[in-house]
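This report refers to the structure that appears directly beneath it.
The chains carry the letters A, B, C and D, assigned in the order they are written, with residues numbered from 1 in each.
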Amino acid sequence: MSYVLETRGLCKSFGGIVATDNVSFKLPAGARHALIGPNGAGKTTFVNQLTGVLTPTAGQILFEGVDITGWTVRGRATAGIARTFQINQLFADLSPLESVVLAISERENAGAHWFKPLGARDDIVNEACALLDALGIGDVRAARVGALPYGKQRLLEIALALAAKPKLLLLDEPAAGVPESEREQILDVVARLPESVALVLIEHDMHLVFRFAKTISVLVNGALFCEGTADEIARDPRVRQVYLGEEDVGHG
Amino acid sequence: MLTILFDGVAYGMLLFVLAIGLCVTLGLMNFINLAHGAFAMAGGYLTIVMMNRYGVSFYWSLPAAFVFSAILGAVLEHTLYVHLYTKSHLDQVLFSIGLVFMATAIVDYFMGANQQTINLPSSLEGRVDFLGASIGVYRIFTIVLCGLLTIGLQFVLSKTRFGSRLRAAVDDGRVARGMGIDVTKIFALTFAVGSGLAGLGGALSTGIISMDPTFPLKYMIYFLIVISVGGATTITGPFFASLLLGVADVAGKYYMPAVGGFIIYTIMVAVLILRPQGLFTRASR
Amino acid sequence: MRKQILKGLAASAIALAALPALAQETVKIGLILPMTGQQASTGRQLEAGVKTYMAQHGAKVAGKTIEVIVKDDTGVADISKRLAQELVVNDKVSVLGGFGLTPIAMAVGPVATQAKVPAIIMTAATSVVVEQSPYFIRVGRTMPQMTFPIADWAAKNGVKTAVTLVSDYAPGIDGEKFFKQRFEEAGGKVLDTLRAPLASPDFAAFLQKAKDLKPDALFLFVPSGQGATLMKQVIDRDFAGSKIRVIATGDVTDDDLLNSMGDSVLGMVTSHDYSADHDSPENKAFVETFKKVNDNLRPNMMAIAAYDGMDVIYRALEATKGDANGQKLIEAMKGQKWMSPRGPMEIDATTREAIPPMYIRKVERKNGELYNVEFEAVGPVKDPTHK
Amino acid sequence: MSMAPHSKLDGEAGARLLAKAQWRWYEVLFWLAAISLYFVFGDFIPGIPTKLMLLSEIVSLGLLALSIDLVLGYAGIVTLGQGAFFGLGAYVAGVMAKAGMGVFPLSDPLLGLLAAAAVCGIAGFLTSFLVLRGSDLTRLMVTLGVALILAELANQMRWLTGGADGLQGVTSSPILGQWDFDLWGRTAYLYSLAVLFVCFWLSRRIVHSTFGLSLKAIKGNALRARAIGVPVNARLIAIYALAAAIAGVAGALLAQTTQSASPDMIAFHRSADALLILVFGGAGYLYGGLIGAVLFRVMQDVIGAFTLQYWQFWLGLVLVLLVLFVRGGVIGLLEGWWNRMTRTGDAP
């Protein structure tokens, strides 16, 4: 079985605090995986190392079998790792269409074109429109991103990640903070993501986790606590104890 | 050799007192006040007017300059600066440059464009021999006074209730407010003290250099260099940076006159490249 | 054929334009002065000097009304050049004047040449400036004119070795060069030549270096208006205690600043062509009017240059019977001789260079104020660099 | 992924993006007005004073502000050191004119411009690495530091630059051997305006391209820009170097039209003035620097006419009021008015 992503003994410490503790992790192509763990378990730190925002203290990261530990954020993005951010990271002053057009242009190596006006490439504009439509935000594509409702901004987060046509998509709490009324739209989008993309969902919301994830890893205090299928994890009493606590897990 | 060292230290100390108010507003309140030199100029001119027109003693002029600039700072803080805390750094830069222009024209109008100086009291004039080097009494006076000020400031910030409240207000204004700390008042007071120190620095510098209306612009660059080299998060950072710059500048001009002018700028750029947060700050911030 | 017609048209257009100029009853003088910025005090003194002259002599000469237009160039050369062009083209001035610094005069030179308008250099003191345009006239003085007398005086009064400290710009370097040349010709030795940056707030390092070299004398030059800071630090360094004499050109003990320097400068010897204390009826009248017109300001060497500059213009207009043609005016200015408040003045007929009377002066207290009191008249000094 | 069928509006979406890059009527009006100033203030109409020298100076200053707009208004790099490139360009053009000794084509002003652009572009490239990281304040200080060092260099290298007195004996040759610089500043103005337009047109193409969009994205959120694959550092280096080249052209223009180059052109106040001008006019519009330069200098000229010594006071006051009450500079103000007017117009 080929793995799209693999980490070997990944460690990250800040001063004396160990945020990632010897994590060895494998993700097969097309996976639907969830990464869960209590607050402060080091989930976002782990993702930041995968995407290159942080450099690990020790260990290796392999993407499609290639060691990318020393690669830059952009290098990894170009190679096919995309992510959404837990807290929206958008271009507030651009429109959704412009944002996505830019992302696609960069993918197509057209980002440095400085003479042709924006929108001159029909293929890029069409693809961007299609993507926005697919995510259900085509109607606001010309609005200012900063003025969009929160739910639509979350969708744009996903759109920007998808524009790169990634092989691996890291979704960092995609529905966090979204009001109930707009929530379903996001869940729907996540559910319809293409099979070819390996998906890692970092999530608190167990409802969401058990709805999509086929496999789950539990991170506690920076270390991998246990791994397994959704059912196994749901039934694992230790997981209930350390993480899920009183929460009713079965209902997913 | 020792004389040069002393001159450099005295120059550095003076820079420090002139710049420390800016460090306080920048480091603690995250506010770029390029008009800081105008408060120093106010103190300097007050000293000149008091001594030359009304015959007040130099020793009384120093505290007067502090109080005058502090009041001026408090008034401007309350009326103008308070609206700027939430604006971007660029807006703050433009606003304070506008104030510098106004200050320059106002001083020109009332005091004239020529250089003005004071005559130091005879007790501060002359030189003494120290370990075989001849050192100006006034430079010793400057060093001692500025040294005491530094220790005092450090004490106030780290050991007193005001200091801890100020640090709380800076770390998180909202939380501090929630804890019942009057953040607005603390900022106003801090700004006033910073301006007052500038005024004192201005008054002290009239003993070495002379005042003219272009003072705020001429010295702004030096203040900024001190802060960017020393970092603005502590008192000790700018202090050592001032000393380093003062000694490097004086020694550089003495031993290598041809390149003397470059030394402080080169130090600044090198520090900013290697340690963007300043030479004497802890890396964690 | 067609070209000729065009040329003819152009010529008549010029003639038409020239006619009203001749008939005009006002003669305009454009002054380009640094009224703000580092050299602001120079600009104020120059303007005050002009006002004084107008107060004494009125605004009418040879049937013409004199109108003075003052522009602020903030001491920046590219702005001066633009202002000169505007004064010539828009305001149709007949004479330009002022120029706070050498580079400014240099920038204006081509305009004066192109427009054929006399330009009176009142401040800039580098020798070469006056050669930049055949329409330049200098009424101030040059660096060698100021430094030769003090170099001679030092050599004659027991100074064997000297160190020079000057501002690092053209006049400063001129001063250094001519002092060294003259002083060493007279048998002295210059141990070192120090140059402080023009915008230097702290002279400590340079002064300490000069002191450590233990010369008999320290020669100083900084631009007018900047002597206060320098003298403060000179005093602080206690050269007298080390038996080092401090000598300078008169710019350092500027009349404008002298009083604020305090008693510590008493006895300092300098050379210059003007002191507010100069004992002559012309100067008494000048100082009196100057103080009256200008809010009790004391005139310095800038003020006298502006005053004499106006005098040169008035006398030239009298000579041309009010004709403000640039060529005629410049001819009438060359070779002028007159009694100035600083003593007998002359404009060299061939080099257009001022030949001012030089004096050796000593700072003394008179009627409760500090003055540069002249104790030795050197007489007129020609600039030695013009061939 | 099951893509929804292309919506009918796709063609329109592309057209709307393209439309942003089209020239508007008010832009055409702006440039026509700039040309017409030549006839109004060129001493062709009796009674109206010549102001072409002032206008040429404004053009040069506006071009400098435009170059700052590229790095600040679009890429979000705060700089207090653009004067470094301005002064460098002035010196390059000045030295070229002097060394050319009036021999065509060596001393041709256009060659001087190109040389200034090239030298400053390289200098910008080399120093761009210093502004890649750090906060606003660090960038302000680093750019300022570079400018100060360069000013000191100009001061020290007397053999080349003339030291504190500036370069002497700069005489500009006629442009292409045809048009000589005259006393009225007619050649100077048309020349400056033409150069300004070329630089402006280039900048305009750039900000409306994908490259320009990526700059706005970097300014908006560098973290996200990296995550979608924008080579942030490369883009910043490119625009910084380009802006440096344009600033160099601006400096060269001033040196050629005033036939002087001095350390003053690198001095702090030059950078500060240009920054003020840009923010005064409105950053991020391209026209902000140009309009700001006109208003700033005209204001200085008008205020200077009735208060020779104290114009700085009024200038300072305007700045203070601007920061306190106006967002986006003069253009932002106009835009606000326009939006309000059109909105009330739309209301039934």
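Definition applied: a residue touches a chain if its C-beta (ideal position, glycine included) is under 8 Å from a C-beta of that chain, and two chains touch if they have at least 3 such contacts.
Remember, it's a predicted structure, so these values are computed and weren't measured experimentally.
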- Message: If you apply the touch rule, which chains end up adjacent to both chain A and chain D?
- Response: none
- Query: Measuring between mean CA coordinates, which chain is farthest from chain C?
  - Reply: A
- Leading the contact tally is the pair A-D
- Message: Taking the mean of the CA coordinates per chain, how far is chain C from chain D in Å?
- Response: 37
- Task: Could you please state the distance in Å, as a whole number, between where the Cα atoms of chain A are centred and where those of chain B are centred?
- Result: 49
- Distance between the CA centroids of chain A and chain C (whole Å) is 75
- Query: Which parts of chain D, given as residue numbers and ranges, touch two or more other chains?
  - Reply: 155, 309, 311-312
- Item | In chain B, residues with contacts to at least two other chains | 104, 108, 113, 261
- Task: Check the chains against each other and report every pair that touches.
- Result: A-D, B-C, B-D, C-D
- Item | chain A to chain D touching residues, read off their complex | 51, 53, 72-74, 77-78, 82-83, 85, 89-94, 97-99, 101-103, 105-107, 110-120, 122, 125-126, 128-131, 133-134, 138, 141-142, 160-164, 192-194
- Message: Going by the contact rule set out above, which residues of chain D touch chain B in the complex?
- Response: 72, 78, 80, 130, 133-138, 140-142, 144-146, 148-149, 152-153, 155-156, 268-269, 272, 275-276, 279, 309-313, 315-320, 322-324
- Query: Taking the complex as given, what residues does chain C use to touch chain B?
  - Reply: 36-38, 40-41, 43-44, 194-197, 199, 201-202, 204-206, 208-209, 225-229, 232-233, 235-238, 241, 256-257, 260-264
- Query: For the complex, which residues does chain D have touching chain A?
  - Reply: 1-4, 6-7, 9-10, 13-18, 20-21, 205-206, 208-214, 216-217, 220-221, 223-232, 234-235, 238
- What residues on chain C touch chain D, complex-wise? 35-36, 40, 44, 70-72, 76-79, 81-82, 85-86, 88-91, 101-103, 106-107, 110-111, 114-115, 126, 168-170, 173, 197-198
